[in-house]
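Two complexes, one shared chain (subunit A), two partners (subunit B, subunit C).
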Partner chain A sequence: MGWVGQRQRATGDLIDADVWNYLHVDSQIFSEYQIQSGAFVTKSGAQLCAANDLVTFDTEVLDTDDYHESVTNPERLTSAVSGPVILSYYVPTDIAASFTLMVNGNVFVGAFEGTSTIFCKTIYLAPAAGTYMTLRCNTNGATVAAGAWAAIKQEAIGNV
Partner chain B sequence: MAWTTPTTRTKGDLITAAIWNVAVNNDIDMHSQQISAAMVAINGNQAVNSGDDVAWATETLDNDGYHAPAANTKLTAPYDGIYMIDLYVVSSGATAFTIRLNDTSTLVDLGTVTTLVKSAVINLSANDFITLRIGTDSKTLTDGGEFAIKLLAKV
Partner chain C sequence: MTWADPSERVTGASITSAIWNTQVTNSRNITYNQIQYGIAAASENKAIGAGGVLAFDTDFSVYEGYSNHVNLDRLYAVVTGLHLFAATLVFSGATALTLRKNGSSLRSLGSYTYYNDTALIYLEAGDYIDMTCATARTLSAGSGIQLKLLTGGWTDYSYWGEV
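So, the complex of A and B:
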């Protein structure tokens, strides 16, 4: 499925099933996906981290396309399709800590806001479908506050 | 109004007005509503003290009633949803900034900086309002500082 450029019709044109299905249904669903697809997840309790622990999120405020699950890998946000996304974290800690953004378990951006009691970062990524993003705490003994959140929003489909 | 997933048709089906109104009109309206955003700015240098909310006197964009000149410190969410906010504010010195929710709690602690350049994705309910609260006395914010908000997804 993809966006199909719309064409003007003239009086007397027949909108048959093929036109309806191809031009309207596919395009509308494609638009809806790009407009609405995303997830916003939070922590209901604090998390004491050892060095290199991954920050977990257990509460789904929004999850339109299974970006997150709370049982097996609650630390992950997994792309549903290929294409650019906005990825955002807000993670306060009790002591100054640094965090590393991981993509498929590999370091993507290390300690990318220095060392602080507030990790607040928003970036664009262009992951392939099935790519998962996690946030690694680099500081032993830092406690991530309840209410910390992570968000992912699909911005477009394809072009990766 | 809510998004309705359109259904495919087979040859010979009649597209009635009812089908058209729901599957075409409503869904297009729904999508147009989701292109919802505001950008406001500081007009003139602004002296601030701890406890002040930044005033945004200039409305660069507001297509969904986020900002009102009579209460120009606030951006008010029109829908339950996930929003992206973006801030660019220059101060005369290191200044503590927080995003406050409904004037009752801190939603995002933005730290203490002289130049605030920050984006965040936040969750708001309809009619929630956010303000940029100052936590440091005797600072001046530079003319043109900006605060933008865009609806990313309805919840």
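So, the complex of A and C:
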């Protein structure tokens, strides 16, 4: 008995290995990446910044695909695959400060909107696999509070 | 006969009810979790006292669990994971806003008359969020907050077993 269209199965049809692997398993892997991939990292202590210091994060509440590591480059969120991500920062400071998003060490978005004691931004960008994002503090003497966080959520990566 | 890692099926292997229920049914449920969201909104102007919780009276949630239908000021996380939080709020004057989790401050947002922003926040299942304003203000009708699950809800498939 033939299959109805690409995905629908008629009564009495068998689900053979090809169909299962193509339709279910591929879909599952795709869904897993779509659903699961992301990171949420925080700071356990305050950080006194000199001008152009990068904000570091040392606690991984969630990190599904090695977006972050706390030893060598604790300031980075590194995209696991190519494709759009939602990137979100919440960084309170003791004095008004400005911040710049860096991508692979280069300025991506200029000092966002002047200075504030609460930097909270959520943006959408499409990095290539291996691209790393950091947040640079532009204000000398600003202390980033413990509890600041950064988050990244992988969005569409294309179908398998 | 074993299943190939992680879940591929070799020719001749049966799809047992356990495999079906674990993989297909759970995937379906996970998808349901992912496409749902919660919204709490104000249907009329609300007077909020200094330090008071923003009062919402309408539940537009598209999932049973984002609202408990009693505390309409709150939105609950149904599944542990990263969530997209969004708020569109209009006040009678500027006031400092705080996003709270389980009644404690999660994030100070700054002072606004009009607030329209998003953030990624991490919540565990059962956590609830609400918001407070520092100064007595009127919250305009149509204001609201939204919560949407982004990650999580994915089952750790421990069953790949013999069939």
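Just so we're on the same page, the second predicted complex is superposed on the first by the 151 of 160 C-alpha atoms of A that agree within 3 Å, B and C clash if a C-alpha of one lies under 4 Å from a C-alpha of the other, contacts with A are read in each partner's own complex, and residues count from 1 in each chain.
In this section, contacts are C-beta pairs under 8 Å (C-beta built on N, C-alpha and C of every residue); 3 or more make two chains touch, one makes a residue touch a chain.
Since this is a predicted model, take the numbers as computed values, not measurements.
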**Request:** Give one of first, second, both or neither to describe whether A:Cys120 is in contact with subunit B, with subunit C, with both, or with none.
**Result:** both
**Message:** Just to be sure I read the superposition right, which of the two partners does A:Asn21 touch: subunit B = first, subunit C = second, or both, or neither?
**Reply:** both
**Request:** Name the contact category of A:Asp66: first (subunit B only), second (subunit C only), both, or neither.
**Result:** neither
**Request:** With the two complexes superposed on chain A, say which partner A:Phe40 touches: subunit B (first), subunit C (second), both, or neither.
**Result:** both
**Message:** Taking the superposition on A as described, I'd like to know which of subunit B and subunit C A:Ser88 touches: first, second, both or neither.
**Reply:** both
**Asked** Both subunit B and subunit C touch subunit A; at which residues?
**Response** 15-17, 20-21, 24-25, 28, 31-32, 35-38, 40, 61-62, 64, 86, 88, 90, 92, 116, 118, 120, 122, 149, 151, 153
**Item:** Residues of subunit B touching subunit A in the complex
**Value:** 3, 5-13, 15, 23-24, 27-28, 31, 34, 82, 84, 108-111, 118-123, 152-155
**Request:** Flag every residue of subunit A that touches subunit B in the complex, lowest number first.
**Result:** 15-18, 20-21, 24-25, 28-29, 31-32, 35-38, 40, 42, 61-62, 64, 86, 88, 90, 92, 116, 118, 120, 122, 149, 151, 153
**Complete:** Given the complex, residues on subunit C that touch subunit A span 7-13, 15, 23-24, 27, 30-31, 34, 81-82, 84, 107-110, 117-122, 150-154
**Asked** Which of the residues in subunit A end up touching subunit C in this complex?
**Response** 15-17, 20-21, 24-25, 27-28, 31-32, 34-38, 40, 61-62, 64, 86, 88, 90, 92, 116, 118, 120, 122, 149, 151-153
